[in-house]
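Please find the structures below.
You will see subunit A twice below: alongside subunit B first, and alongside subunit C after that.
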Partner chain A sequence: MTFLRTYLLSVLLAIAGSVSADGQDRQDTSAIVGGLCSSKPTQMNQALNALGSFTVESSDPLVIENNARWALWIISALTKKQLVCSPTGSGFVKGEDELREAVTRELTKVDENVKLKAPFLHLPVRPTAEIIAATTEMILASVTNDAVSDKSLESLDKKPEQVNSRQFSYLLKQSNLPERQVKQLELVEAYQLLRSEDLTDYSTALAVLRENASRKSLTALIEIQSSLSPEASGSKVEMTSNAINAIETELQIGQFLSVLYSGLSYSSILFLAAIGLAIVFGLMGVINLAQGEFIMIGAYITFVIQELLASFAYGLMPFYLLISIPFVFVLTGGIGAAIEYSVIRHLYTRPLMTLLATWGVSIFLVNAVRVLFGTQNLEFYVPDYLVGGVTLFGDFLVTWNRLATIGFAVLVLLLTWILVNKTRFGVNVRAVTENRNMAGAIGIDTRKVDVLSFALGSGLAGLAGLALSTIYNVNPTMGTNFIVDAFMVVVLGGVGSIWGTLLAALLVGIVNVAIEPVYGAVAAKVIVMTLIIVVIQFRPEGLFSLKVRK
Partner chain B sequence: MFQASEKAGILLALCGLLLIGATSLGFSTSQYAMNLIGQIAAFALLALSLDLLWGFCGILSLGHGLFFAIGGYLVAMHLVKVTFDATGTPPDFMLFMGWDSLPFYYFQLDSIAYLIVAIAAVTTVVSFVFGYVSFRSRVTGVYFAIITQALVYMVMLYMFRNDSGFGGNNGMTGFKEIFGMPASGSTTAAFLCGGSLATLGLCLYGCKKLVDSPIGQFMLAVREDESRLRFLGVNTVHIKLIAWCISAILAAMAGFLYVPQVGIVNPTILSPELSIEIAAWVALGGRGSLLGPILGAVVISGLKFILTGLAPDLWPFILATLIICVVIWSPNGLADTSSHVASFYRRLGSLTSIKGRSQP
Partner chain C sequence: MINRRKFLQASGLLAGSSLAPAFLSSTFGAGHSGTQKVGCLFSSSGAMANVEGRLNSVVEMAVAELNAAGGVLGKTIETVITDPASDWPLYAQNGRQLLLQEQCKALFGCWTSVSRKSVLPVVEQNDGLLYYPLHFEGEENSNSVVYMNSPPASSVLPALEYMMSEDGGSASRFYMVGSDYVWPRTINKINKGYFASKGITEESYRETYVPFGFSNFQNIINDIRDFANQPGGKPTIILTVVGNSIPAFFKEIINQGILASDIPILGLDVLEADLEGLDTSSLVGHLNCWAYLQNVENAENTKIKSAWSQFVSANGLPYSPDVMIDPMVSAYDGVHMWGKAVERAGTFEVPAVKEAFDGITFNCPSGYEISMSGENNYVARGVFIGSVNENQGFDILWQSDDTPTPVPYSPYA
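Take a look at the complex of A and B:
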C-alpha cells in the first residue's frame, strides 16, 4: 500500500516536474492512438484531425518530417487493419511476425491472454483518413523537397471541406510547389473559405470558384445559397447569385462545346467511312453495303496487331495504333480489291443487284469474324498518351483519344484530296467518273482505276475502324451501326465529292450527337432524314454534285 | 386459257380453302407443319409485294419491313386488347411502365373490322405521304433504296423504346386468343395456314390481273424508261405511287397473317436486315416474274427453318454464297433456271445434230 502510494507520487512529480516537449508529444500521440482505438466514428475522426495538426505543430523541418512519417505509418496501418488495440486503449502495429508499439515504434511483446483487436473503420472515417494521409504526404514531400504527387492533390479536391485547416495553412505557405498545383490548392482553399464569415474571404473564394467553373463548384454554391438567410447578409446573397449565374453560363457554353467536340469526333469516323463509299459510288454507281464490315475488319486487324505486339515486341505496345496504320490500310484495301475483282466487276450494269451482292458479302464477313473471334466486344489497350485530356472551359474536357481521331481524319482528308486532285491516279479517277467510255477511249485502264479506287475506299473504311477502336465498342456486328449514317452522308453530300462528303459528315455527325442525349436516337434520325428529303427537293443529287454525263 | 401464275394463284387459294373446310369438318393436321407452311406463305406474300414494286415498276425498296411491321404491330395490338378485355390485366410491358390501362390508340382495336380498316388506313397514309414526297422530288434507284432503309431503321429505333406503348424491345406476346380461337392448337394453326394460303393465292391472282391491266403496262414502262414516259406526257409520279401503295398494302397483309402465327411481334422485324432479305428473296426468285419471288421466299425461308436448326453457324455462309452466286451468274434469279436448262439442251441438241451430219 505504502509502496503504491510512493510510486504514484513519484510518477506525478516526474510529470509535473519535467513538462518537456518530448513528454508533451508522448501524451498527445498516445491520446491520438487512444482515439483511433476507440472504434467510434466521431472520436476516430477527431483523432485523425489531431494527428494532422500534430504533424505541423513544430516549425523544425526535421521534427515535421519525423512526425509526418509516423502519421503516415499509423494511417496506413489503420487502413490496412494492421493497427490493433488492447482493451485498455493502447495501440500496436502488427508487422509480418513482429509487433511494434504504436506511439514509440519500438518492438514489443504482449501477453498472449490480452486480446488485440483492430478498430473498425467506419464509412465516415475512411475519407478523413484518406485526406489526412494525402495532406501529410504533401507536407512530407514539401519538407524533403520532393515533388507532390497529383494523386494526393486529387483526393483533396474530392472532399475539400474535410481538409485539416492547420495542415492546409502550412501547405499554402510552402513555395516549392509548381504553379498548377498551387492553383489546385487555392481551389481547395476556396471551398473552405466559402464557410468563412468574413466578406473579403468570401468574395475571394467566389472569384476562385468562378475561375474554375464546374458542376461541383455549382452544387457547392447552390448549397451555400440555400443556407444563407436573406436579411442577415444581403450583399452575400447577391454575390452568390452573381457567381452562380456566371458559372451556369460558363457550364452551358462548355456543354455546347463538348457536344460539338464529340460530334466532330463522330463526324470524323463517318467521314472516313463515307468518303470511300462516295468515291466508289461516283465512279461505278455501286453502293457497297459491306462498307460497315470494312470498318469492322479494320478494327479487328488493329486488334490482331496489338496482340502480336503484346506477345512478340512488348516495348512497341504504346505505338501499336501508329504501327497498325499501314497494315490496316493495305490489308482492308486488299480485301476490298479481292471483293471487287471476284464479285462486283460482274455487276456494273446492275447497281441494285450490287446492293444484294455486297449484302451477301457483308453477311459472309460478319460471320467469318464471328467464327474466328467470337461475338464479345474486343478489349483495346489504350496507350498512356491517349488517356485523359485537358479541361478547357467549364466542364468541356478535350479527351486525347477523340482529339487524335479528329486529327487523323483531317490528315486522311488532306491526303485523299491530294491523291484525287494532284496525282495521275486522281486524274484518271475523275475522268472515269465523268465519262467512262471516253476515258477508256483515250487509253485509261478503267478496270485498273475501278479496282484501285475500290481498294482505296475499303482501306479508308478500315482506317475508320482503327480510329474508333479506342472510343467505340468493337464486335462483329458493329458495322451496321455506322452504315445507315454513312449512307445518309453519301446521299446528302452528293456522290464523288470530297467536300460534299465532309460537309454532310459534319452535319449528320453533329446533329446525331447533339440531338441524341436530349431527344433520343429517333429524333436525331428523323431530323437527318428530313434534312435529306428537303435537300433532295432542291438538289436531287446531293449538296455538292458533280455534273456528270449519264 | 389461264397463264401459269393465274393457275398457281387459283390453286393456292383452293388449297387454302380446302384446308379451312377440312379443318372445320374435324380433319386434324400437324400443328408444326401448318405453322411452318403458314409462315412461309406470309413471307411469300411479302416477297410478292416487293416483286410488284421492284420487278414491275423498277423501284427497289429496302424498307418493306416497315409495312410488314405496320400490319404485324396492329394485329398484335388487337390481340393484346382482346387479351386485356378478357383478363383485365395489362400485358407485362405495360406493367413495367406502371400503366394500368391501355393507351388511347388501342381504342376500338378489339373489333376485327376496325382493325382491318386501321391497317389499310395507316398503311395507305404512311406509304402515300412518303411515296409522294420522294417520287415528286424524283428520288430514284439507289437513292430511294437507301432512304427507305434509313426510314425502316428509324422506326426500328423508335419501337425499341419502352415508353412507346408498343412493347419496346421485348415486343408484344402472350396472346390468349386469336380471332376467337385459342392461341395455340392445331386447329388454330390450320385455320391460319389455310387463310394465309388462300390470301396468297388471291393476291397472286390479283397481281397477275394488275400487271396485265393498262396500269400494269404503265408500270412496266416506268421500269424500262421513266424519262421517255415522262416526255410522252404521262405523270409517272401517279403510276409509281399506285404501285408503291398497293405493294405496301400487300406487305401489311403479310404482316397481319404472320404475327398471329408466330405469336410475337418485336422490333427485329423492322431491322434493315429483314428488309434486305426480302429483296434477296425477290432477286433469287427472279424479278419481273410473279411466281419466281414466291418460289425464292419459299426456298430461302424453308432452308432457313431447316438449317438454323441443323447447322446454325453454317446457315449465314450458305445464304451469302447463294446470294452472291445467283446475283452474279443468274441475273434473273431462279426464274432463269428454265432458260439455262433450255440452252443446255439446245447445245446438247446441236452437238448431236452436228455429229449426225458428219456421218452421212
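Take a look at the complex of A and C:
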C-alpha cells in the first residue's frame, strides 16, 4: 500500500513538475494527517511511513529541511497526545493555549461544539513513530549539520527492519554524515544485505554483524542459516556458521561479564550499607537497628538539596549528587551524634536495651519522615550522564549509574581506610575498640571517640542513602530493606573490620547474583543464607576478626 | 494500635461541620441510638505500606459518608483501624481481635492474596464478613468474603486478548516476572493454560519469581533483553511483582533503556501510586489493567476525587490528594455496598446480611453500575486497560462495554 501510494505520488509529482508542487504537497500532507487521525494501527503506520517518504520527496535542501521539521513536529505531537482530531479527520496540534492547523502550522480556532480527540496510540504505532522520527532527525541533521541524539541512533539499532526504505536510501547517499551515524547505517544495511544473493555483499553483512554481535544479530543469522538450502554455495553455509559461532562465543563472554558486573554492583551497595554498621558495631558493640534509617535520612537530605538547587540554582542541578556529599555526611553524622548523646550512651552497659532503644529510634525516625514528607516514593532527577550505558561484548550493558555506585563505594572504602588507619582519630578509635579501659587510662577521651565514631558510622550510612537514591525507591521504610542484608555482611565479614566487610559484601553480592540466573532469585537468597550459616559455624568471629579484650 | 481518637476527629470533622443536623438526628433520633463498629485490616507499615496504608483512610472517608447520610439502620458507624505491618500471620491475629473483641460486623482489608488467605479461616470460623478490594487470582469462593474486584477471567485475560490482537501488537512471546506467592503463581498458571488454548508453545514463554521486597532486577532484565531478541515473534512482559518491587523493576527498565516500543510491560498490579517518584517519560506506553482508572470521566468519579482531596487535607494525611487508585475505589464501593446490604437485611447480623446480597447494585466511580448476584460473593465490574502517560498516570487505552459476569474458577487453571 504505502509503496504504491508513494510510487504513484512520485510519478504524479514528476508529471506535474514544477507546476503545482505546493498544491500537491498540501493534498499529500493532509492525507498523512488523516491517516494519523484514524486511530487504527495499520493506517497510522502507513501514514507514518508516508510521512517519512515525504521528507525526501524533493532534492532541494530547503524543502527537505522544511518538510523534516514539519514531520518531527507532527510525530512529537502525536506521541505526546497533542495531536487532536476532529470527527471528520482533520488534525490540529494543541499548544499551551493555542491551536494550530496540523498541515499548515497556522494558528486556528475550532467551533466549541466540535469534539477534538487525540488518536489512540496502540502498541504497534510507537515503534514506527520512533524510528521515523529517528531517520527524519538524521535527514534534518544532514541538511543543517546538527548533531543527532543518541536516543534516535539507538532506535535504528533496535529495529533495523522497520527503517523507511526511501529515507534510508537518501541517507546512504549523503557523504557528510558523522562516523557514528555511518556505522549505524551500515548495521541497518547489513540486516538487509543478508538477503542478498551477491556473495561479497553477504560477507560484508556478516562482517558487520560479527562486529556488532548481539542476541539480535544471532537470531537474524540463525534465521538465514535455516533458510539456506543445502545446495546453496558451500562457502555461504560455512561463512554463516563461522559467524554464528563467533557471535555465540562473544555473547557468552558478555553474559559472564554482565553477571560479574551485576554482582559487583550489588556488592558495592551491600558494602555501602554495611560499612557504617561495621564501625559502630565493632567499636561499641552496639547493635544499631536504626542504621537503615540513617540510610533513608541520607537519601532524604539528598532530595532536599536537589529541591533547593531546583528552586535557587537550577544551573547546578546536574551536579546535585556531588554537591550533596558533604551535607549528607555532616547532617546524618550530626543526627547520629545527637542520638548517641541522648539515647545510646546511657545504655552502654546494657546491650539488650540498646537493641530495643535503637529499634524505637528507628520507628520514630520512619514515622517522623512519614509525617514530614508523606509515604510516597520520592522522585530524583537523574542527570544525563547517569542515564543509560555503553554496550561492550555482546549484550553486556555497562550502566552508568551502577558504575558510579561502584566507584563511589571504592572511594568510601579508601577514605574510611585512611581515616581509620592514617589519622590520629583512627588510632584512637582502634585503641578504644581493642581495649577501652586501657585506652582511657592512657588519656584517650573515650566518650569523645564514642560520639565521633557513632557520627562517622551514621554519616557513612547517609552516604549510602545518597548513592542509592538514583537506583532504589526512596521512601520512609526503605531502610528496613537494607538492615538485614547489612547485618549479614557485617557478621560474615567480622565485626569492625573494613576489609572483612568488603570481602563479605563481595562474596554475598557476587554469589547471590551468580546463583540467580540458574536457580532463580528465591533460591539464591536461601542458598546464600545457608552458606553464611555454615561459615559462621566454623568461624564464629566472621572471616576477619580483630583481637579484642572485652 | 486502635485509632479511635483519629477516627472521632475525622468523622467529627466531616460529619460535624457540613452536615451537623443529619448527624445529630441519627445519633439521638428514633431510639436506635448507639454505634456499630467495622474494622480495617490494611498495613500502614512494612513492604506494602506505600500503597496499602491509604485504604484505611478511604474506609474512614466512606464510613463518614454513610454517617453523614444518617448512618446505617440509624446507627453511627465507627471504624477500628489496625496495622498488620505487612506481616501475613498478623492479619489473622488482628482480624480475630476485630471480630471477637471489638465485635466488628464487617472487615475491610487485605491487599496481597497471602494476607487474605491468612484471614480467611478467621472470618469463616467466627461468622465474620471480609470485603476484599483487590483484583486477584480467583480460584476461591468463600461465603464469608465479598470479592469487590475481578478474578482473572474478567481482568487479566481480556487484557491478554487485546495484546495478542492486531491492535495490541500481536504479542506472541511472554516473559512472566512475579513475586513468589499465590497470586502471581496462580495468575501465571491461568495464563499458561490460556496460552495453550491459543496454540502458544512452551518455548514462547519464560517465568521467574523473586522474593518479597526484592529490588535488584539487573539480572532479570538482562535476561529479558536476551529473551526479547530471540526468534518467534513479539515479546511482552507480564509483571506480577508487588509492593516496592514494582518501582524497583521500572527503575532498572529505565536504566537499561528499554521502552514500551521495544518490550511492552503489562503490569497487573501497577498503579498510579507506583509511578510516583519515577521519570515516566521513559515508561510511556506500558500497560496495566484494572476495574477503575483515575482518568475516566463521570460525575461519580469527580465526586469521589474531590471528596478524597478534601479528606486528605482536612485530616493532614500523608497521602497524595490527587491520586485515586482502583483498590481505593473498590474499598469505597465495599463500604457502600455493605451499607446497602445491611439496610436491606434490616439487621447487622452477618448471616442475614449475606442473604441480602443478591441484586445489590452501586454506581461505581468507574462509570459502571456494579452488582452482586446470588450465585457467588463476587462483584461484577467493568474492565479497563490503561497506558502510562507522561504525568505519572494512565490514559485509558481500552474499556469493556459492560460488566462481564465474574467467573471464580478459571477453566485454564
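Operating definition for what follows: the second predicted complex is superposed on the first by the 360 of 550 C-alpha atoms of A that agree within 3 Å, B and C clash if a C-alpha of one lies under 4 Å from a C-alpha of the other, contacts with A are read in each partner's own complex, and residues count from 1 in each chain.
The working rule: a residue touches a chain if its C-beta (ideal position, glycine included) is under 8 Å from a C-beta of that chain, and two chains touch if they have at least 3 such contacts.
Computed from a predicted structure; not experimentally measured.
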Exercise for the section: In the overlay, answer first, second, both or neither for which of subunit B and subunit C A:Val491 touches. Expected result: first
Handout entry: Comparing the two partners subunit B and subunit C, which touches a greater set of residues in subunit A
Key = C
Handout entry: First (subunit B), second (subunit C), both or neither touched by A:Gln376
Key = second
Problem - Touching partner for A:Arg350 - first (subunit B), second (subunit C), both, neither - result: first
Exercise for the section: Using the superposition on chain A described above, determine whether A:Tyr385 touches subunit B (first), subunit C (second), both, or neither. Expected result: neither
Problem - Touching partner for A:Val474 - first (subunit B), second (subunit C), both, neither - result: second
Exercise for the section: Using the touch definition from the top, say if A:Gly520 reaches subunit B (first), subunit C (second), both or neither. Expected result: both
Handout entry: Contacts of A:Lys81 with subunit B and subunit C, given as first, second, both or neither
Key = second
Practice task
Look at A:Trp499 in the shared chain and tell me whether it touches subunit B only, subunit C only, both, or neither; answer first, second, both or neither.
Solution key: neither
Practice task
Mind sorting out which residues of subunit A both subunit B and subunit C touch, each in its own complex?
Solution key: 366, 371, 480, 520-522, 525
Exercise for the section: Over in the complex, which subunit C residues touch subunit A? Could you list them? Expected result: 45-47, 49-50, 53-54, 163, 166-170, 180, 208-211, 213-216, 218-220, 222-223, 225-226, 229-231, 244, 247-248, 251, 254-257, 259-262, 264, 273, 276-279, 284-285, 287, 318-320, 387, 389-390, 395, 397
Practice task
Give every residue of subunit A touching subunit C within the complex, in rising order.
Solution key: 40-42, 79-81, 120-124, 126-127, 129-130, 154-155, 158, 214-216, 218-219, 222-223, 255, 258-259, 261-262, 265-266, 269, 366, 370-371, 373-380, 382, 387-389, 395, 397, 399, 401-402, 471-475, 477, 480-481, 513, 516-517, 520-522, 525
Completion exercise
The subunit B residues in contact with subunit A across the complex are 54, 60, 62, 133-134, 137-139, 141-143, 145-147, 149-151, 153-154, 157-158, 161, 272-273, 276, 279-280, 283, 313, 316-317, 319-324, 327-328, 331
Fill in the blank from the handout: Within the complex, subunit B is touched by subunit A residues 281, 285, 287, 289, 343, 346-347, 350-353, 355-357, 359-361, 363-364, 366-368, 371, 480, 484, 487-488, 490-491, 520-522, 525-526, 528-529, 532-533, 536-537, 540
